[in-house]
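One chain, subunit A, links the two complexes that follow: it is found with subunit B in the first and with subunit C in the second.
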Partner chain A sequence: MEAADLERALRPVLGDRLLGVEPFEGTAGRVRFRREGAVDLFRTARDTLLFGHLTMVGGIDWVDHREVVYVLWSDTARQYAILSADVPADDAHIETASAVWPSANWHEREAWELVDISFDHHPDLRHLLTPDGYVFHPLLRSFKLHEPEELEVKSRHV
Partner chain B sequence: MSATPVSVPPAAKPAADAFRLEGELPMAGAPAVPMFEIETLRAKEFLPAAREALSALIKDQSENRVIGPVFNWARRNSLFPLHWGLACCAIEFAAGFGARWDAERFGVVPRSSPRQCDLMIVNGTVTWKVAHKLITLYEQMPEPKWVIAMGNCATGGGPFRTAYSVVPGVDKLVPVDIYIAGCPPRPEAMLDGILKLEELIRERKE
Partner chain C sequence: MSEMWINMGPQHPMTHGLWNLRVKIDGEMVLDVDPEMGYLHRGIEKISEDRHYNEVITLMDRCCYVAGFAWEHLYILAAEQALHIRPPERAEYLRVMSDEFQRIGSHLMWYAAFVQDLGLMSPFLYGMRDRDLVLDLFQAYTGARLTYEYMRVGGVRNDVPPGFTDRARKVLDWLDDRYREYDALCMGSTIFRERCDDLGILKANDCVAHGVTGPMLRAAGVRRDLRKDRPYAVYKQIDFDVAQADAADVTARYLVRMEEMRQSNRILRQVLDWLDHHPGPMMADNLPRWLGAPYAPIGNEGYLLKRSYPKGTGFSAVEEPHGEACAYVVNEGALHPYRVKFRSPVFSNISAARQYLVGYHVADIPPIMGSVDVCVGEVDR
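Moving on to the complex of A and B:
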């Protein structure tokens, strides 16, 4: 499976919500899409293209916008595929993938607390790695290293 | 008995013959001393001495110098640390209880339940996520209890001191008695820390 195959399968479903498919080394291709087409893309990727396993969900902070990255694995094609969507920094949210791939649950919790990307209709959006009530998003580029005492005051909840 | 004349009344003689004290048998020919006289003599010397000793004992015990050292001796020779590992210091902790260093010869036996422990060895990086679990474990341990901060992370955050998720020193959560430096400290250092804690317990007054 190559980038052209992905585009041929996805274009009728997504229309202009598919921004393009480009080759990416080691994978079937990198699919860039608008966040409005997230659910349709996830269902098509799982049911039609048979990408049954969601390996990773991650967030990238590009300062002016943020990017959500999904890495898929297909057991039938034995290939990876990458989906990525840009979200604006001041309104960073996207539909959850945990309804399609349940393994997205914890990955999206991590992306939510570390990169501040909210996932709509997530069943259980709680802190995963940082304590409850933690006010920072440490993997954002705007996050500065704190003096330990200052961080203690802000993050101590016990 | 001999026919030597004695100076006691005749009525007391059979009693003295029947109940002679062991170890104080009179020499042959010596007059037999009646039992009641011996008791009287001993009581005269013993009771004041006993009263003096007892009052000194009570005075010492009021300052906990009699029973306290016994309990402290028992405590410092049977320290039970909590058996939980946080990071790489736990490997050195485990090695310290292996065949080569054998911390059990000091009576130090790791237990798996905090309710059986009187020593918490915090061996590793404490994050804010695990902080309230650490406090829960500490509060479940029965008194008296001690805490050893093992390694640089537990002492002051170590190389992760400025990280967003790390508690800069476990003494912000629980009172710490002994700090062990090292990254990680060798098992000898851990044993030295335990022996230093035993010296602290020896000086304990309460």
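Moving on to the complex of A and C:
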């Protein structure tokens, strides 16, 4: 499978919500899409293109906007594919993938607390790696490593 | 009827690390579980953004403290793709050799800890004794037994010392005999079989849906191994089989890991023979000068230091002893990576805990979690 094959399969479903598919070394390609097309893209990727595994979800802070990166694996094509969507920094949210691939659950919790990207309709969006009540998002570029922070951490269960 | 939540952890013999398994019980029955992670979160992805490309390798060893080489290899592959560098062939063989010895070391550590959870004390001692032989080999060519810092962007730090391959072959011969002993101790033990058969079943469909990979997935009858499916380094040139079992229970995971160690021996014999006959350079010769710089400027603004080197994004995936690990490295033309994201196999394997723990007894939790092979360092990062 190559970038052109992905584009051919996804264009009829997504229309202009698909921004393009570019080649990416070692994978089938990188699919850039608008966040409005997330659910349709996830369903097509799993059911038509047979990407049965969601390998990981990660967020990148580009300061003026944020990027959500999904990595998929297909057992039939024996290939990875990368999906990526840009979301504005002041309104960073996207539809959850956990309804399509349950494995997205924890990855999205991590992206939510570390990169401050919210996932709509996520079944269980709460802290995973940082304590409850932790108000910082360490993987944002505005979070400085060399400046001390002060925080009162509440116990999770009393 | 009295339902309640209890904590197994953060300090509990079952956890093999620092995490907390909250269990909802009714008498002896497990009704629900909720794993709580984060006790070991060190922010490795954040610290990586503040470090020179070669300085991140130090952190990789600490990502998974029983499989440091696998994580070094994972990061190096992604970083090399992001920086457009190709390593020499001998370095790739040395990396594969390190990977496979690491797989044996990691599985022996798992074996020792797992059988001890079941109450069998002697296999624990045997497993730790034999793992030390592997660590001795690591010490011989990296100088370290746990945190190696051996691989470099563009190659490896040094060659193996003279006489190393013969010494390594002796260890492999010794291990071949020991694998038979392990099997006799466990598969021949009624106690082991009674505690492990038909326990913690996770079928192939559930594994795929919840992102479970590695020995757990192969024990459910799915023949999936990135060394075969998407060969990295020199795995294409090497002849080996993928371990597989069908029962999807704790015993099946034990059998898969045992077979993987035998296959690692097979891979290592081929790699050692190759190393004997093909001398060559350790590092790529077209490395940019800044990559060799011992110290990088410190500070979060380091990425603003522009250099004239092409930007790029690297993605890599390796078959770590615990499963499928991925790395995503963004190079924005600075001395430091702009963003590093890792996918830990154990992270996903634990996230599916509800699927393979609910419906069993409380006393079944240690053997089941033992068969998952938890390494909290790479879950929390």
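Keep this in mind: the second predicted complex is superposed on the first by the 146 of 158 C-alpha atoms of A that agree within 3 Å, B and C clash if a C-alpha of one lies under 4 Å from a C-alpha of the other, contacts with A are read in each partner's own complex, and residues count from 1 in each chain.
The rule we apply is simple: a contact is a pair of C-beta atoms (placed from the backbone, for glycine too) under 8 Å apart; a residue touches a chain by one contact, two chains touch by 3 or more.
Please read all numbers here as calculations on a predicted model, not as lab measurements.
A.B. asks: If we overlay the two complexes on their shared chain A, which of subunit B and subunit C does A:47 touch? Say first, second, both or neither.
C.D. replies: The answer is neither, since A:47 touches no partner chain.
A.B. asks: State whether A:145 touches subunit B only (first), subunit C only (second), both chains, or neither.
C.D. replies: A:145 sits against subunit B and subunit C alike.
A.B. asks: When the two structures are overlaid on chain A, which partner does A:22 contact: first (subunit B), second (subunit C), both, or neither?
C.D. replies: Neither partner.
A.B. asks: Tell me which partner A:136 touches in the superposition: subunit B (first), subunit C (second), both or neither.
C.D. replies: In the superposed model, A:136 contacts subunit B only, not subunit C.
A.B. asks: Should A:75 be classified as contacting the first partner (subunit B), the second (subunit C), both, or neither?
C.D. replies: second
A.B. asks: Counting contacts the way the document defines them, which residues of subunit A are shared by the two interfaces, the one with subunit B and the one with subunit C?
C.D. replies: 129-131, 138, 143, 145-146, 156-157
A.B. asks: Okay, in this complex, where on subunit A does subunit B touch?
C.D. replies: 129-131, 134, 136, 138, 143, 145-149, 151-152, 155-158
A.B. asks: What residues of subunit B sit close enough to touch subunit A in their complex?
C.D. replies: Residue positions touching the partner: 128-129, 131-132, 135, 157, 161-165, 167-168, 172-173.
A.B. asks: For the complex, give me every residue of subunit A touching subunit C.
C.D. replies: Residues 24-27, 52-56, 58, 60-61, 69, 71, 73, 75, 78-80, 82, 101-103, 105-106, 114, 127-131, 138-139, 141, 143-146, 156-157.
A.B. asks: Which residues of subunit C touch subunit A in their complex?
C.D. replies: The touching residues are 5, 36-38, 41, 43, 45-47, 50, 81, 208-211, 213, 222, 224, 229-230, 299-300, 313, 315-317, 324, 326, 328, 330, 338-339, 341, 343, 347-348, 351-352, 380-381.
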